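Next, two complexes with chain A in common: one pairs it with chain B, the other with chain C.
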Partner chain A sequence: MNVIHNAVAIMAPFLLAAIGGLFTELTGMLNIALEGLMLIGAFASVVFASATGSLFLGVALGIISSVLVAYLFAFVSLRLKANIFISGLATNLLASGLTVVLAFKLFGSKGVIHFPGAPVLPLVSVPALERIPILGDLFFGHNILVYLGWICLVLAAVVIYKTPFGLRIRATGHDSSTVESLGLNPQSYQLKAILVSGFTCGAAGSMLTLNLQAFVPNITAGRGWIALVVIYLGNKTPLGILIASFVFGFAISISNYAQGFMEIPADFILAFPYIITVVAMIGYSAVRHYRSQKLAMRRDR
Partner chain B sequence: MPSVDMREICKYYPESGVKANDYVDLSVKKTEIHAIVGENGAGKTTLMNILYGLERADSGRICLDGEEVVIRNPRDAVRLGIGMVHQHFKLIRPFTIAENVTLAMEQRKYGVLLDRREAWKATEKVIADFGFDLDPGAKIADLTAGQMQQVEIVKILYRHADVLILDEPTSVLAEQQIRTLFDTLKNLTCLGKTIIIISHKLDEVMSIADRVTVMRKGKSTAVRNTDEVDDKELSRLMIGKGITYGFKRDASVPGEPVLALYNVSVAERTGHRPLLDNVSFSVRAGEIVGLTGVAGNGLEELEEVVNGLRKVDSGRIEHRGLDVTNASSYFLREQGMAYVPSDRLRRGSSLSSSVLENLIITSRRSFLNRGFFRRKAMEKFGREILKHYSIDTDLYVPMGTLSGGSIQKIILSRELSAQSDFIMFSDPTWGLDVASAEYIYSRILECRRSRAAILLISNDLDEVLGLSDRLMVMHRGKVVGVFENDGTLSKETIGEYILGLRNDFKGDAGNDGQATMGRGDGNGGGIDDNVVGGGSSRDCSDLSPE
Partner chain C sequence: MQKSLKILLILAAVAVVAVAVVLIVLGRTGAEESPGSFDIGVFVPGVAAGSPLYEQLVSGAEKVASEREMVTVKVIEGGFNQGEWEEKITSIAATGEYEVILSSNPSIPFVALPVAEAFPDQKFIILDAIIESHPQMYTVLYNQVEQAAMLGFLAGLITKSDMPGATPELKLGLIAGQEYDAMLKMILPGFERGAREIDPGISVDFRVLGNWYDANKAADLANSMLDAGVDVILTICGGANQGAITAVKERGRYIVYMDSEDYDLAPGTIVGCSELRQERLVRETLEAAIEGDLDWGSNRIVNSTDDYVAFVDNHELYIKSVPEDIRDTMDSFLKDIRSGRRSYEVPKYW
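Showing the complex of A and B:
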């Protein structure tokens, strides 16, 4: 069951980015900067990992870089009160430009840059358990960042539902004027949420490059946008996000697998993640429409 | 010694160029109920926002228990024992009562986790201590307006507030709920709390407050003990002149029917009970037809149907003989049907657009020159309207910064300037002070004089009784009574129809659309016909089923 095993590996970056995006979403902001933040993390982590020879430092510095850019994004959006969509777009443009420029300056290439010296992401391997069908594929033999994603998911669920911070985050998203009238500063919660998204996007990005031991310009290839879709499909809950990102991972994994023995045009395979995104969004809005109609019906009664 | 002492408070809003507070003084004694009254836009909310730290005063001093304090934000205010219930509820609807009450001062366990049980207990304790009746686990979205108000008060008490500010707490409540609220407030003063309450309704102020501060145009103009003034004097202090009670509604001979409904029905989606059940009536040129009833009995639906916002399932609507059933609002406006909606903030205006844009939106085409606006003409038109309707504002301020009364005046002047042959008003004076309300009434009567057909939907019995030539009552989606308002009609009679206590109205108003049946009992009920009661409260609220 390689398909499932691959699905879990493929979904991990979506999952991580979506967890961070969930925080910003809950405070009432549409965070389209996920893509750019991921890209920053992807670039910085592989560069630092190869420079220091330490996996931990590479990932940590990758995350820190992404958080710093997130801070800039937050400053522009919250303090300078720029339209968050515009500043998010700017963050994405900045990330894709900056990484390419830096790559060229540092390594003299605008294309794929290999880092053969970068440490390999270790796998958590338990051969005995990996042989269990399905469960083994789901839970064992993955690289450590996959597990980081799961830890983040559990942490996110606890923070969102079990802590005062989470309560305030959710309150901010529902009605920031209420939060303000209680003497809290809603913007400080929005800031923290953006920083959290910087953290998880940094981790998500580092997974992409460290897996390859290489940096490819715009390696994120829209994964940040798909993570946004995952948040909505997951109905803005941690569990929903887990399921939605698995569905994505699984679909992509299957299409990769099918490539092996079916005559599918390569272009189609490449387009597949985007196609399911569109289909999923249409399905999602149809379901929502149906639900809101049912709600209205209940209200009428 | 005064508990709250605000001295020479000034606040200028550069956005709207308004001196909202101009050397305002407010002195509130310990454990008293102190009312602040004043017209729309007098600066009452601004003053309280300053006390609660939501706005900073430009100058002035605030003393609490004799000590000068600086209140920079609501957190400071909460720390100093001040709590505020806002004009609009500040509650998170999907959260439970306990979550809302403890928000920002959460009960914790292990330092970082929410302690739901403690939150519940603490909320329960406040509820019990102060004699409320609420379930801490209930979701806000499931509560009535009265209960939400109680949650707001519980929220403040949980924060150990000694000074409670309530900004127009009664405007969303039914009569029974108001009485409960007042009992609660009196009870709270016995427990040592000080209460500041803002209200438009003078009779309420007289019944609950010990003292009252009157504000007019950003200034505090008087302080009185309530047992030493009557509401006549109060309203004189508020408006600056003795209040002229009402208008003469002179006789008018109605002309042709302009709008007619024939057996209009709207089914509920689940099909249990029709929202509108065979409604037939007509409105003729030069007459005002009043339509009243308790909320939830079809008034809202009728409002939407007549304006094309809701589709009918059967029946026919005609405007000057033209079938306009299920036509779009756009089409209806093109036909010359004007509409002043009850939801003036969302349906009647665009709050982020300027006053000018709001004024010209319905007549925008006449200002186009090859697809572009002619700014000069627009401004001229806008200024003329502001002058003609004596609205005191600038053309380019955002609508949202105006007070409720000004917003309503602008909507009204826009709709009236279109010179339509049919105008529907829905609760045109809701939340407005006496002077603004009278202004609106005089404009409505002016429309009638210019032979427009007017449909007035209102929950305010005094209003419909004072203005209407004919009066219809709706109950459960049906027209249960049509009365010629000839002076013999009493509020009590109408009340019985409104509540569905009487159902002897058999007439089919649909045949000619003008049937006039069911006479009032004729005891007058103390209401002078032809007179719009200016100062009284919305009497319909005590007829609501709760």
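Showing the complex of A and C:
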């Protein structure tokens, strides 16, 4: 059952980053800057948490830092009309370089920086409930940012499907001229969506460093890219993202445990989560293809 | 308008050529002004700051330069992208300025092979690595079988002990950043051998992270090992070590640490550290190269009898964290190794 418990912890950063990425995706933009935004959040949160001694301020300032970089990304992409793919890539490179430069300037190290005095993410522990099979593993004994991820997911679902703002976000992605015809500016919704991704990526990044009380260069280790895959795997819906994140987290958790008892090369076990992704992507496109064919057949009738 | 643009472009091109010529001439003048100088290019495969072994590589070379006239040192950091290392070493060799390129990493001899072929006058000193005789290279390998055996022996004593974090299972763990020859042929067998000298029933759970920086994944891996009953983990995964340390600390188990004296990182959790005396090795090797005494094309293996490989047993946190009876047993084991009464041979894997 520890496999499930660890899977929930592993999926949390993917889930948070993917929620933000979903907003930008729905406005018709491929946000490849998730990785960089997470990295900024990871660095800033542990630095500020250590400097202020406050977990809340650490997370909040980490999120604000990520939102500021997201704003820069939005400004370049939307106002200056730069290609969003290039500006996203540039944001990732900027985050990677900036965190190392700042780390060296502030702490004299380009390597691992330890923050032994930084506050630790508290666990929500209810021992009696944690013992309930599966449900206990799924819902209890995690750090507070895991729960923030779930809250964000519910909020995202409500905002996207139950509010005028969510409707306009989706309309911007479907056909921005419809939004314009209502006298609204689609770009302002794209900007807001990018800022939301800055918020969630900042929180996701906080989780990575406050867990460890340390910053390691490139600590995000591709999680922003995986979050991007999760959005597509989840069919661009909040529920789909939750399922895709769990599948990914579960595959990684299984591969961690499998190294201990499976007599197959470690390289193959390490590739297991990615093999799962490829298989899931193929399955997803097969299902979509089947559905579209079925729809076409109905239309023909 | 077009004509003035053309003139501007021509002027810019002339300026670029002029600056290039001036730089080349100045560069040559600099080299000619210091006949008999010995210039060392230190190639750090990664970044020096934060890596004890690379910090020692740089400081050793800089000490030699500060103690001797006419010796200069230029440090070039290769960054974490291994794919760029060959290109960077090539650009150092292409300057023709350095008598020696100094580096440290098991993969560097093989990265430098095509560079050596392209620049037959360029010499390389590569530590923590080994290659069969190459006339332009001198390599020195640390006996990491011995180094890992020291840690394995201590870990074996702890897993059999009644220390609070010791579990009933006789299970140790080793997390590696990646699988590579030195890991599979020296460190893992050495760790197992050291532990099995305490009890042949001790097993080592070996897991691979897949990179050197994903500290959160290292924490997840460590947790899965602790769930399986592992009580002492040797972690060798670079920047990601911190993840394993955090996970082990939270669960009240133990870490043994390679290559640097880092008890302070997690007092009470890190219970044993081994160390490589790289700075001393750098100084001695460079001195020999400057004096012309280095036997190019040869290689050498150093160990604890000559004090290049060591276990840090005089640190207050080691004394505080490890019970006296374990330290006493460890002490006599270390004495045997240092005196050569007990030895661990490096298998020929290159």
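The working rule: the second predicted complex is superposed on the first by the 284 of 301 C-alpha atoms of A that agree within 3 Å, B and C clash if a C-alpha of one lies under 4 Å from a C-alpha of the other, contacts with A are read in each partner's own complex, and residues count from 1 in each chain.
As a working rule, a contact is a pair of C-beta atoms (placed from the backbone, for glycine too) under 8 Å apart; a residue touches a chain by one contact, two chains touch by 3 or more.
This one's a predicted model, so the numbers in the text were calculated from it and none came from an experiment.
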Which superposed partner A:Trp150 touches (first chain B, second chain C, both, neither): neither
Which superposed partner A:Tyr284 touches (first chain B, second chain C, both, neither): neither
Which superposed partner A:Leu167 touches (first chain B, second chain C, both, neither): first
Touching partner for A:Ser177 - first (chain B), second (chain C), both, neither: first
Residues of chain A touched, compared between chain B and chain C (which is higher): C
Sites on chain B touched by chain A in the complex: 52-54, 73-78, 84, 86, 90-95, 99, 103-104, 106, 108, 112-114, 268-270, 272, 275
List of chain C residues in touch with chain A within their complex: 47-51, 80, 179, 205, 207-208, 210-211, 213-217, 219-221, 223-225, 227-228, 239-243, 246, 265
Residues on chain A engaged by chain B in the complex (per definition of touch): 162-164, 166-168, 170-171, 174-175, 177-184, 296-297, 300-301
Residue ranges of chain A in contact with chain C within the complex: 2, 6, 9-10, 13, 104, 108-114, 208, 211-214, 216-219, 221, 252-253, 256-257, 259-260, 266-267, 270
